[in-house]
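Below, each structure is written out as structure tokens.
Each of the next two complexes has subunit A plus one other chain: subunit B in the first, subunit C in the second.
What follows is the complex of A and B.
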């Protein structure tokens, strides 16, 4: 129990720590958002030959960034977090003229849809291919798959995305090249909408799948090979246990352990590379909005997207941490080390 | 045993009486011999073992090719110019401009070559920053333990939680960086924390080893133990991570330039792809301007492929049994009698 409380506590601390760091960055940097916006407005006005009123511009910049320059950093941060926690108020998006929370909340399920499916597919492929390679160790299947996985891993993921977009989307016209579902479809439980969602999501999911594709399968192979030679597996075989039981209970369960941690690290990677995938496929998820926010200098939206990604990563890592004890009962005795 | 039994109050440390043993060894070996041995252990043997593995060989040659392209290649290949040929010339049509041209008739191939130095600078800065910080934090946290460990790891955890690309987007939106070295360093920010954690967990097992305990009992200081006893054991892992960091930084940089998140300042492959997409409409119309986007993409894929192959092969370079077979100075006794 203590372990769980400690983990949750730790997750909250790291999350707030991360937010604070970003907030400081946001406030402190020389030429931070407020100055940048002021400079931008001034230069635009000078070009247009309109009068420059310092006070009015200052007020406008404050509205655009959601930062009250009179408050100190700690006070401002407290206010920012307080508004988020109590009112779910992330400020107001400048570019979309809506509260940031609403904009992101609408986009969130779509991002989860893409990244979640891609991640699950990728993880399954990792385990399957890794075990397959180990089972056929030293054969042509093994070396062929090794070369294939190596090649897939070494090519940047968006190369695949761009190729898919060019070939499937534009040359052959098989799959749509942007959007989340067809314009004509009525969102709801009807075949046109559901097929449309699947078609629009296919390419982003496939390219997310390629990121995680068998990324850990070489590690999985090494683990499996190592465990296959161990004594307890031989004794299990001598005891006459069925191959199935040996595979699932004795082999896979132990070989997955190191991969499981890889999955945790992978989660944050997949979500943050969603920014690029969504932009390439013009798929309006959280990453896409964050990118648009950058183009429009929409600082509240950028910060909101950032909080979203950080929160998602914290929760994912927390879940993995809490469930790690279930698959590896030895975990959690780190406190017994002495310090030098 | 020795004097230690007679001085339970610890009047003098063992180190003061006997030295660490290392100085004695140094005094006996002439410098030329030592240099030869260093060369054999650190240069010749790794090279030979690396050469014997096809992955390191191909990966290493690939990396060398890109380095040459970014240094000597820039001097040999003349700077690209407007109107070298007709606009949007397809590749393999005119053999004086085999790679084709862009929207104002500049050779694509020359642009790729002249974009290489910026890529190399970004990779270098990324490696130095990510690996340097990761090694310092990871080794100190793992070895010291206790409060230091907890403080450093909390810091690393905060950075692990911050999602990589969004963090970069926030930073870049706040202050636009143009210098390739700075870009590389910023892109490496999300990378050091993972490395620090991995290194720490490796140090946790090493710190309990007998030889480390012996060094501690001799009274050697923490910096000495970390740099001389622990770090060499982890060198392979650090080198492999460096290769990984370089790959990650390059991939992220090209993606961010391609999408126009980083402000344009120098020629690099991402900027080329961005122009191909925006101006040449390369994605929707690949027959027209596709070559403009795919050549830099090919160059990038080749670079990451070489780096990945190289790091995969390095695993073998540092395998001690394989190493000993190629070395002249390590005798059979030291390898446990293996032929």
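What follows is the complex of A and C.
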């Protein structure tokens, strides 16, 4: 129990620390976001011939960014975090004229949808291909798959994504080239909408899948080969256990352990790669909004996106920490377990 | 013929009933340097309810012999020859055991000729094994209990009946059933793991238990206590035990017979009393002289000159001749078979032409207390 509390506590510290660093950048960068916004307001006022009142401008900038440039860094950071925690107020998006939280919150399910499916497919492929290679170690299947995996691994996912877009989207016209669902469809529980969502999501999911599986399966193969030579596997075979049981309960289960943490932490990598994937497929998820925000110099939106990704990374690591004890009985709450 | 027909060779006090018969067993590995023979034409009979200790130095083929008994030689090793298993008369077979392998009508099983599913049944139900790497023979992510359950299930045995039997086994092995069963392997000590593994090997009441260095990596006290438990298990469950070890003094008091392996074959087999007190093969004598003991002078201990043979290039004739002090030209050409020494009742056999000379010329003294008990 102490272990879990400790981990959660560590995660919170990590998150707040990351947030603070981002916030400092936000504030201290010469010509940084807040200064840019203040300068923008000042020049507009000067053009319009209105008086330049520092306090009034500061308040206006605070409404837009959630940060009052008149306050010090620590004080401002406290206010920023306080607003986030209590009012979910990340400031107001400049480009979309909506609170940042609303913009990102609306986009989040879509990002989770494509990243989630891509990850699940990727993990499954990692485990299956790795085990398959190890099971057929040294045969043509093994070397063939190794070449395939290495090839897939060397193709950057965005190149794969563009290739898919060109072939499947434009040349063959099988899949839509942008958007989250067909314009004509009524969002809800109806076949047209659901099929539309699946079709629009297919290519982003596939390209996420490519990031997911290639590298891991070589590691999986190495682990599996090591476990195939272990005494307990030989013992299991001689005890007459079915191949199925040996594959799942003995081989895959033990081979997954070393790569499990990597897989879970990889979640955050997949989400942040969404910035590019969603841009390529014009799929308005969190990544897409972040990129738009970047182009529109919509700093509050970008800052919100940072918070989102930082939170996601910390949560992924936390999940990896907390669940490792479940899949490997030797780790986790080992200290509290009775040993004799 | 190295060994006489065992069924006929009777002594006054016992009838020898063969349970496993090994003939011309060879294990071959293809290596880049050539063919390696890691079991070289082994002939041996194992008798019902005996404890046979197989001793030899590292790389003498002991483990290969153990694996060969279950046809469990790992790829790319190729096992040839004959291993025949004689099941007990069907009358005494316990109810849960699936029909014995007498489909052919005769009451014997050619182990190397079984189909995969028949082999799966023979293993663990008739002949079981405890491995060398006992510490790692349990799945680290599974509780001990599930190892028993999955084994019972895989052999379609009756769960309650078998688990009752496991409780008996745990009692005999001085293990706390509840505590051990709900533990993961890493939560048990080495000795507990080892004993749980013996129980796992006996869960389906096999007739033969092959143990490959079962006490390696255990402390001396635990070794001794496991040895004494083995003797009880043999008496209680009518087991035949093949005990592979490199520790001669450990098994001296345990075994009914000792087989000494050198260069991938048996060079001497006999009852501990006669084999240890008056070994007939020059190698066995040298081995006994090299044993350390608390009471002997260091000067008395002599290492065996030379090094062990290369499995790719086993010496012609007697494989021990390059290291043997009394070898002559005949030993270089002719390969001696196991023949009776002493009175020829099959109690003591050695593969040497000059056993009398060896006994006369090569001296050794026994020091270890357990050996003097013999």
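In this text, the second predicted complex is superposed on the first by the 298 of 340 C-alpha atoms of A that agree within 3 Å, B and C clash if a C-alpha of one lies under 4 Å from a C-alpha of the other, contacts with A are read in each partner's own complex, and residues count from 1 in each chain.
Assume contacts are C-beta pairs under 8 Å (C-beta built on N, C-alpha and C of every residue); 3 or more make two chains touch, one makes a residue touch a chain.
This is a predicted model, so every value here is computed, not measured.
In the three-chain model built by superposing on subunit A, subunit B fits alongside subunit C with no clash.
With subunit A as the corner point and C-alpha centres for all three chains, the angle toward subunit B and subunit C works out to 70 degrees, nearest 10.
In the superposition on chain A, contact of A:254 is made with subunit C only, not with subunit B. By the document's definition of touching, neither partner reaches A:80: not subunit B, not subunit C. In the superposed model, A:234 lies in contact with subunit C only, and not with subunit B.
When the two complexes are overlaid on their common chain A, residue A:327 makes contact with subunit C while staying clear of subunit B.
Shared-chain residue A:123: touches no atom of subunit B or subunit C. By the touch criterion defined above, A:289 lies against neither subunit B nor subunit C after alignment on the C-alpha atoms of chain A.
Of the two partners, subunit B and subunit C, it is B that touches more residues of subunit A.
When the shared chain is aligned, no partner comes close enough to touch A:209: not subunit B, not subunit C.
By the touch criterion defined above, A:279 lies against subunit B but remains apart from subunit C after alignment on the C-alpha atoms of chain A. Following the chain A superposition, subunit B and subunit C show a smallest Cα-Cα distance of 11 angstrom. Residue overlap on subunit A between its contacts with subunit B in one complex and with subunit C in the other: 337-340.
Of all the residues in subunit A, the ones that touch subunit C in their complex are 230-232, 234-236, 238-242, 245, 249-250, 253-254, 257, 327-330, 337-340.
On subunit B, the positions that touch subunit A within their shared complex are 143-149, 154, 157-167, 169-175, 190, 194, 204, 207, 216, 222, 247, 251, 254-255, 258-259, 261, 283-286, 290, 293, 297, 300-301, 304-305, 307-309, 312. Those residues of subunit A that touch subunit B in the complex are listed here as 10, 13-15, 17-18, 21-22, 25-26, 29-33, 36, 150-151, 153-159, 162, 165-166, 170-171, 177, 265, 268-269, 271-273, 275-276, 279-280, 287, 290-291, 294, 297, 299, 302-303, 305-306, 309-310, 312-314, 317, 337-340. Remark: subunit C residues 70, 72, 74, 120-121, 123-124, 129, 131-134, 136-142, 150-151, 154-155, 179, 183-184, 186-189, 200 touch subunit A in the complex.
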